[in-house]
Structure formats: structure tokens, C-alpha cells
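Here it is, the structure in full.
Note that the chains take the letters A, B, C, D and E in the order they are written out, and that residue 1 is the start of every chain.
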């Protein structure tokens, strides 16, 4: 009965999109209800707000990015990763398939667009270093609102920060297929693109565990019934019902964390080391202080 | 009252000048254009600094002065009648009182020949009509001390004559300072006539026409005084000439 | 000229009215406040629609009229002297020509007694001084047809007398329409005197004072005319009364 | 030309100019689609767009109401007291320099995710032109009127409310015109504070998904709202200050 | 109090109020850091901030110059011709409703990633208050002056340039004040069009990296710039229209 359900506010990283499949499905299929949760999904326009809001106890859970988590923790935000939504990087360096850039080396002296995310320079720097280039061998331009248009229109030769499940399909549909270079293949340690973070002080709350359980159910159900899930998903907002979202949906499913609560702390340590090497982190706090597997500990 | 000094960009208008308004009498102030009549009026009204105004009863002038400036200063967004009761609107009145005041104002407007324009906006009035509205506003104030700067200048001979009577009647027994350019007007209405002259300016006079105002300008005695007044004015004009 | 009709919110000011300005003569227009003098002036100047102005030589009035309105209309951001040559500034002049014009203007200002205020802004002038500046601006225009609406109303007797002379001199031989409230002024300066009366208004007259202006008001013949003029004005005022 | 036909002709003319621009500059549709494509998208998605438009419209209306109110009030306050002028004015000026992403978390923290925080953001954008214009009007009251009022023993308050403020209404009106013009963008920016509805949201979303036609369809609707609002305020303002003479002949006609 | 001490005292007062607000509301530093933290960040990173500030400052100055120019010009154009009024005005109004992300690609396409596109965006934001205020001023010329000029056979052009425009300068001034206040945000928004320098960019970047102290340090600098600019324009404007009487006693003093 929803009346007795515990209220839970989840701030997404951005407007609802196929990345959020498990959350939407869990809500639509009633998995949250089943766990006695009344979950409200809030969609901000600025991906930087959700962690702040959780840290300020304005929301219970935020969808954020692993790389940002490291920085947030360093800046003193009382946040802890409690689960994973998308278990691979989505971020990638994209160029025109039939453009002049065939290999990363070809970027030398060219323009690379990015949309301020905070650590594009770090990613790109690592990828370039792999091929004997330095950051100042390329010209970085902030193209904010128009990643794919700027590369399609040839205003830049490549963009970093493009999501492989979206921008690639987007360019395909626009008739200008792109080629992606994947950070994890170019010297950047693999990381979780999308994670769930909660406030340090609230970790004992049982709602969080029930939330993760519901999300896991939803993920598996989605994997088992992809088309049903898609119909369910697109029905929630007419704006979502188009070719691009459908393709993105299919491109995203395999990347969903099949075991959302599970924590691979090696992955977090490695990435912390990487960020430190890039000069973005001053220290490497113990992973346990900012990432946990709530379901691992035995229930109190 | 006394003025320490009033200086406008370099020109000293008044210096240690004293000027007395006799209570309950009409004082008329004449003088060549630009000599300082309006400035003196403003000093008395407390609109320009530098004047020391002393009253016989020792009380201040607040709440006792009505001023009719050289410009009509009608508020363009208020109908004539509201402009007439402006003083009361500004000081605040009850709705009932205001209704009473409007009737009073309408009567006054009738007497200055504007009854049919009570509801018109000032923009719809002719120059003389605006001046009459301003006069009505001043009389409406019903103050013991009344300062008027050329209140009839935009009126034709007949209307002016009628309004002079009106003012003389309503303001009988008040302390009035009337700035005017018209010697006959001064002789007709004033008890004490001064000519402001020189730079720094001093009021010369007073001339004291006989008999109670309003007087008949045709009167011989007055004509004599008029000649004197004109002489005085000519001298004063000449003085101002050489001063500038 | 002829006016088909001029209506201001319901009141018919003029209806099929004809009025002729004799060339090279001063026509004076009197009449009670609010009868329509200014409106008539504006009609002639082409500032209000409804008038049909015909000239003897058949040419239009463009470029031949100078107007002095009831308000001085000095531009507050221009020094007096620039206000005086405003017409030329608006029509465009070479820098050299402008220098010449300024000298001319300065001379004119001297004659209206404002030489020392040539560089002052209008805000620094007294009412009468502003009017004199406006007069200088009008005379500066040097046009064959001159329309003046109470040009001397804010001036003291002496100054007014001097400026009447000045105007009479400078505008001798021009076609002048002078709206005035002062019968003596009309008698002193005008060749043809009309009294505007009634509603709709018609010009009554003309009275034709003898001799070349400026005349001496003391003259007996004039005094007779004055009496007549006053009678006419009284009638006209009465008419306007009952009209409203 | 009838005053009803007129705007239509103008609109048609502008659409035409738009089409020509797109063709002449050879703009790719993912940067600026022609009116044809946009109108098609509008027709296809109209109920989606209208649903979001309704939200934005209410934000706009609320924004301009509160904005004008707050703007006028602060102007009067500043005109009334030099302390207000000294302490409040700097804050108002600085408020115009704050970017949305710096304010958003604060607003959400204080006002939550609902309408309130969005409208607050819109108000911050809308009020300033009103304050500035009205304040200037309050400053420029004809001195003669003030002096007259002083001689009439009017209190400073009476002078403010019965002379300064009415005399400054034309200035207020011109402030309101600007406010009307910036209100739509104010609402859109407000929606960035966090919302899942409204044209601002729709456009941002469509833009990120390269549904450029949809984005411009939404923008077209927003533009129409902006124009309508501006015209309404313009008419209204003029009606209020009728006593203020206007001297541009063609302003009197539609 | 000396006119040099005054602003300092005000500034101190405002910083204090800020500190109190933060404490009273118990705001976490990652939402609104107190002045202490911000000033520390400012001190620590000053050359970084100043480098970006220089960029933004030049954008602001360019933006307000071009914006005022364009704004005044369009106002005059509209006042001069009813055609301009009919065709141009709607475009100007709509221009205020265009969100940056819709315009950005166009601007970049036409003007590239240089200064030009940012300044263009800033100008679009800055010019409108100038146009609106100046246009209203041009409309309200004292009719008597126009009539006098007509009788003097002044051309429409002469009336515009020698009477309407000078008479409307006070209105232009109040438009410029608003322009000065919105210029900084205009520059910041301009930087979203795509740049890798300037306070706007720095703030975005710091925000993304959760360096909230740095973000607010940059914001503080922006705010100071905004105030300085506004004061300068305010003084300047008043000097230009000296003939316009002001009747708020305390406006004459600093």
C-alpha cells in the first residue's frame, strides 16, 4: 500500500533518458512499491546539482558519475557511492568516420570540442599521451550545447565527452556516422559512468537497501524483456518516443550494472590513482570511505 | 523678514536685505523683469535657502502660506477639480470631507469661469484657463498668508478685472504679497506698493494709495501715483541695465 | 483664410469662419480667455487641421512664418544664444554662417536685455527673461509673416514698452498677427484690431486706430477707441459666459 | 490595412525572410531548420509542445507579475530612503550578475523543486529593468510640483505617493515593456533551475537529443508568447499613462 | 563620511550580512560558502581568476559599447520610420526570447569560436533595454517643441537629431544603466557559446569540479566588476544630462 510506503527522492544526473531505464522501469512496474518505497524521480538541468542536493540532504539519492565522485569527496562533500547504474564508461572521443582523423595521432594540431564536465582535459590528456601527444598539441574548445552538431558541421575535428550510446547514434541518424575512441582502450582505467550516491550519515537506512533491491529486479526484468521494457519506458513521456532513444536504449542495456549494489573497489582505487597522476586528486582516501556495498554487510 | 544673501552663479541678488509684509494687508511688489521678484517670493516661501523669516506672533510659516507660482504647475494627470483641491489631497482627507471640498472647489471654479471644465485635464485648457485653475487652487488653500506671482498675467482685461475683484474679496484681511507687472493692478489692489530695484536688490517704497481696494483705476489720485510708480520703475530698470 | 470647423471634445470653436490678415500690416487679436485666440493662431500656422489658408500671391506659407507661442518653448539643453538661432540650426547652416548668426543673435539679445545671459541655460532665467529669449528667437527668424501669442505678457511695464518698440521697428512692413490681452498694447501697435467673440467664434472688427505705430497711448483718439474696445471685449466675454 | 490583417502579413513576411535566410546561407537543418520543417514539427508534436507551453506561460505570467511588483516596490523604497539606496542598490545590481548555475542549488535548497524556485529565478531576471526605469522616473519629478507640495505642507510620503509616483508612471511603463520582453527568457532560465516541464526543459532536452526541429518549434511558440505579452503590456501601459503626450504620429495607429 | 570611505563601509557591511546569512541558514559550503572561504580561494587563486577576469572584462566592455550603439541606433531607426517599427520591433522583442543554446550553433557557424560570437551573444542580451528606454524617450518629446520646429521648416531628420534625440537623452541614460547591470551576465552567457576562457567558463569548470569556493571567488570578482561598471555608467549618464533636474536630494551626494 503506497500509503505506508517510505518516501525516497532520487535526483537523476539529467533529464530522463534510456540511461535511467532501471529506475523508470522499477517505478512503472511497481518494483519500488513492492519494496514499500514511494520513489520520486527528479530531473535537473545541471548534472552538477544532484550531488550537492544529496549532500545538503535535499534528496536521498543522486545519480552521478564515478569520476566526479572522487572530486566531490576531495572537496568535502559527505557522499558515498551505494550502487552502480551504468557499469562501463560512456564518455568517448568521437570524430567523423569519413573525416581526416583516422587515428588519435591525427588529432595533432586540430580542434577538439568538449562540453565542460570538469575532467575532459584529464581524459583526453591520457588518451593523447598514449600516442605521444600532449594536451597542447590540440586546441580544446568548449562547445557546450552542441557536441555532435559542432563535429558534424566540421567546426571541430573531434569531441570528447560524447556518450557512445547517444552521440554515435545521433550522428548516424543525422547521416554523418562517427568513429569513437574509447578511453578505457586508450590508457584510461575503466570506471562506472553512472552511480548512485547517498549521504554518508544515512547509510544505515533500510530504504537504501530496498531501493537497490528494487533497482536490481528492474534491471534484470529489463534485460529479460527488452521490448516490453522499451514500450513501458517510451510510454512515460512522448518526448522519449523516437528513433534515437530507441537506438540508445538498445545501446545502453548491455552496459547496465547487472548487480547494481556490488562494488568493485579495485576499479575505484585504480581510477583514484589515475586522477592523482593527472593532478586532479591530492590524496587517495580509502575506497571504503566513499564507496560501499550495502548489501554485502549483513542486515542489522 | 531678512535675507543674508542670495547668489546665483556669481550674481548677488540680495545682500542684507530686509522686507516686511504688514499683516492683513496686500503688499504689491513690482520691478523690472529679472530683478528678483520671484526669487524674493521663493525666499519667503522657504523654497530657497538664505532667508530668515520672522513673524510677529513668532510662530513659523508652516501651514500658513499659500503660493501661486509664475507657472501654473497643474498636475497633468489630475482633472482640474482635483488640481484645485490638491492641497487637501496632499494633506490627506476623509472621503466625506473630500466630497465637501469638491463642492466648494466647483463653486470656486464657477467663479473663475471654469465650471464646465472641472473634469477636463489641464492639457485641454487654454493658457488663461490654466492660470485661472491655478488661482482657484491657491484660493482654495484658504491660508492667512498668500504669495502670488503674476496671477493675472495671462488673462484678458475683462476676466482679469473680474478675478481681481474675486481675489480682493476672498483674500480681504489676509496677508498678501502680490508680484505684478501691471502698475494699475498694483494701484487697484495693493495697500503698500514696493518697487524692487538695484543689484543687489532692495525694495523701494512703500507707496500708499488711499482708500480700500479694489479701487477704481480712473481715480485722479491713483493716476498721480501711477506716474510716480512708473518713474520708480524706470529708475529701477535703468539700474538693472547698468548692473548687467 | 477660412476655417471649416474646429471641434474640441464636443465644443465647436470655429464654424465656417473667415479671417484675413492684411499684408504688411499688424493685425491684433483680442478676446476673452478661452475664446480661441491661440487655436486660431495654430490654425494659421498649420499646427491644427481643418483650416484652409490662402495667400494673395498664391504661394504656400512654408518658410514664410515665424511663430511665438504662448509658452516660451526654449530647449532646456541649449544655451539661450543657441535657442535664439534654433531655426537656422534646424534648417542647417555652415559653421561660418553660424558664427555670423551668433553675432547677430548676440546683438538681438542685447536689445532685449539678455546680453549677459547669452550663454546661460534657460533654467537659469526668470519668467520674463525666458519670454524675451523666445521673442529674440522669433525676431531672429526674420520671416515675412509673424504670429505672436501674448509675446509681452510676462514683462513689466517698462521692459514691455521697450520691447514693443523694438518689435514694431524690426517687424515694420511684415504681416503680423499679435494675440494680446492688453487693449492699450493693441492700440499702440496694431493697424487692424479684431475681437474674437462668440462660440463658434468669429472675429469682430476691425477697429482702425489712426497713425503709424508705435503710437502714444496717452493720445485722446486712442482713449476713445480703447473704450470701444473694452465694450466689445465685455460683450464678447458675456457671450462666452452664456456659451459655457 | 485592417489591424487584424496587419500582424498576419508581418508574420508571413518574417517567416519568408527566415526561409530565405536558411536557403541563402545554406544552413544545415541541424543548426537552423527552415520554417517549413519547424511548422511540420509543431503540427506533429503540438500537444506535447502545448502541454509544456502551458507550464511556461504560467511561469511567465507569475514571473512578470511578481517581477513588476518587486521591481516597482524596490524602486519606491530606494527613492524614499537614501539608506535603501546605499544598501539595497548594490545588491540589486549584483543580483543581475549571478549566473543561474550558481543560484540554482540555493533556490532549490530554499524553495524546493517546485514552481517556486523557477519563478524566483525568473523574477530575479525580470525585476531589474522595472526598478531602474521607475527609479529614474521617480528621480526626475518636475521640481516645481515638489516645491508646491512642500508649501502645501505635504508629508514626504504624500509627495512620493501623490506626485512622484504618478509622475513616474510613464517611466514605469517603459520598464514594464522591457520586463515583458525578458520575461520569457526569464521563465526558460528558471526552468534550468530544475524541472521536467516547460518549453525551456523541452528545448534543452530536444537540443541535447538533436531534435532541432522540435527545439525550434518550441522556440517558435515561445517567441509568439513573447510578442503577444509585449504587445499586451505595451497597449496596457499606454492606456494607463494616457495623459502623457506621444509625438510619433504613427504610434497612435495600431 | 568621506566618499572614499563610504563604499568600503558598504562593502564590509554586505560581506558581514553574507557571513551572517550563511551561519543563520546553516548553509553548507558546497552550496554557498561564507565570505571567509571565498576570499581565501580568491587570494590563493588570484592570478588564475584575474587572467580569466581580464578576458571577461574585455567582453563586457565590448558588449556594452556595441550593445549601446546597436540599441540606440535601432531605437532611432524605429522612431524614424514606421516600417522599421513594424518589421524590426517584433524581431527585437523575439531576440530577447532566444535561449543561448539555440543561438550558439548559429553564432559559432557564422563567427567561429573567437571573441566575436561571445560578444555577439552579449550584445543580444545588452542592447534591448537601451532600445526600449531610448525609444520611449524619443516618443515623449514635448509636442510644443516639435510644432515650433515644424513652423521653422525643420526636416523630419533635423527634428529627430536636434530635438527628439537630445530630449530623449535622459531616457537613453536610464537604458544604459540597465545595460550596464546586465552586461556582465551577458558576457558570462556569451562564454557559454563556446570558449575556454573567462569568468563564465571558469565558474562552469569550477562548478563541474565541485570547487565551489573557486566558483564563488570568480563570481565575487564578476560582481565587483558589475558594480564598478554600473557606478561608472550612472555617473557618466548623469553628467551628460546635467540639464535634466533631479529632485531626490540625496542623489546629488555620492
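Criterion: contacts are C-beta pairs under 8 Å (C-beta built on N, C-alpha and C of every residue); 3 or more make two chains touch, one makes a residue touch a chain.
These are the chains along with the protein names UniProt gives them: D, E = ABC transporter permease.
Keep in mind that this is a model prediction, so the values were computed, not measured.
Looking at chain A and chain D, the chains that touch each of them are E. Traced through touching neighbours, the fewest hops from chain C to chain D number 2.
By number of C-beta pairs in contact, chains D-E lead all other pairings. For the pair chain D and chain E, the CA-based superposition corresponds to a rotation of 180 degrees in steps of 5. With centres defined as mean CA coordinates, chain E is found 38 Å away from chain A. Averaging C-alpha coordinates per chain places the centre of chain C 49 Å away from that of chain E. Note: centroid distance chain D to chain E, computed from Cα atoms, is 16 Å. Separating the CA-averaged centres of chain B and chain C is a span of 26 Å. Of all residues in chain A, those touching 2 or more other chains are 46, 48, 52, 56, 145-146, 149, 153, listed in ascending order. Shown for chain D are the residues in touch with two or more other chains, namely 30-31, 101, 105, 109, 142, 204, 207, 244-245. With touch defined as above, residues shared between interfaces to two or more other chains in chain C number as follows: 71.
Working note: touching chain pairs come out as A-D, A-E, B-C, B-D, C-E, D-E. Across the complex, chain D meets chain A through its residues 28, 30-31, 45, 48, 101, 104-105, 108-109, 112-113, 191-196, 201-202, 204-212, 214. Residue ranges on chain C touching chain E, taken from their complex, read 42, 45-47, 62-63, 65-67, 69, 71, 73, 75-77, 86-87, 89-92, 121, 123, 141. The residues of chain A lying in touch with chain E in their complex are 46, 48, 51-52, 55-56, 68, 71-72, 74-77, 111, 113, 116-119, 140-146, 149-150, 153, 155, 280. Every residue of chain A that touches chain D in the complex is listed here, in rising order: 14-17, 42-46, 48-49, 52-53, 56, 58, 145-146, 148-149, 152-153, 166, 170, 173-174, 238-239, 242, 244-245. Contacts from chain D toward chain B in the complex involve residues 142, 144-145, 147-155, 158-159, 162-163, 166-167, 169, 241, 243-245.
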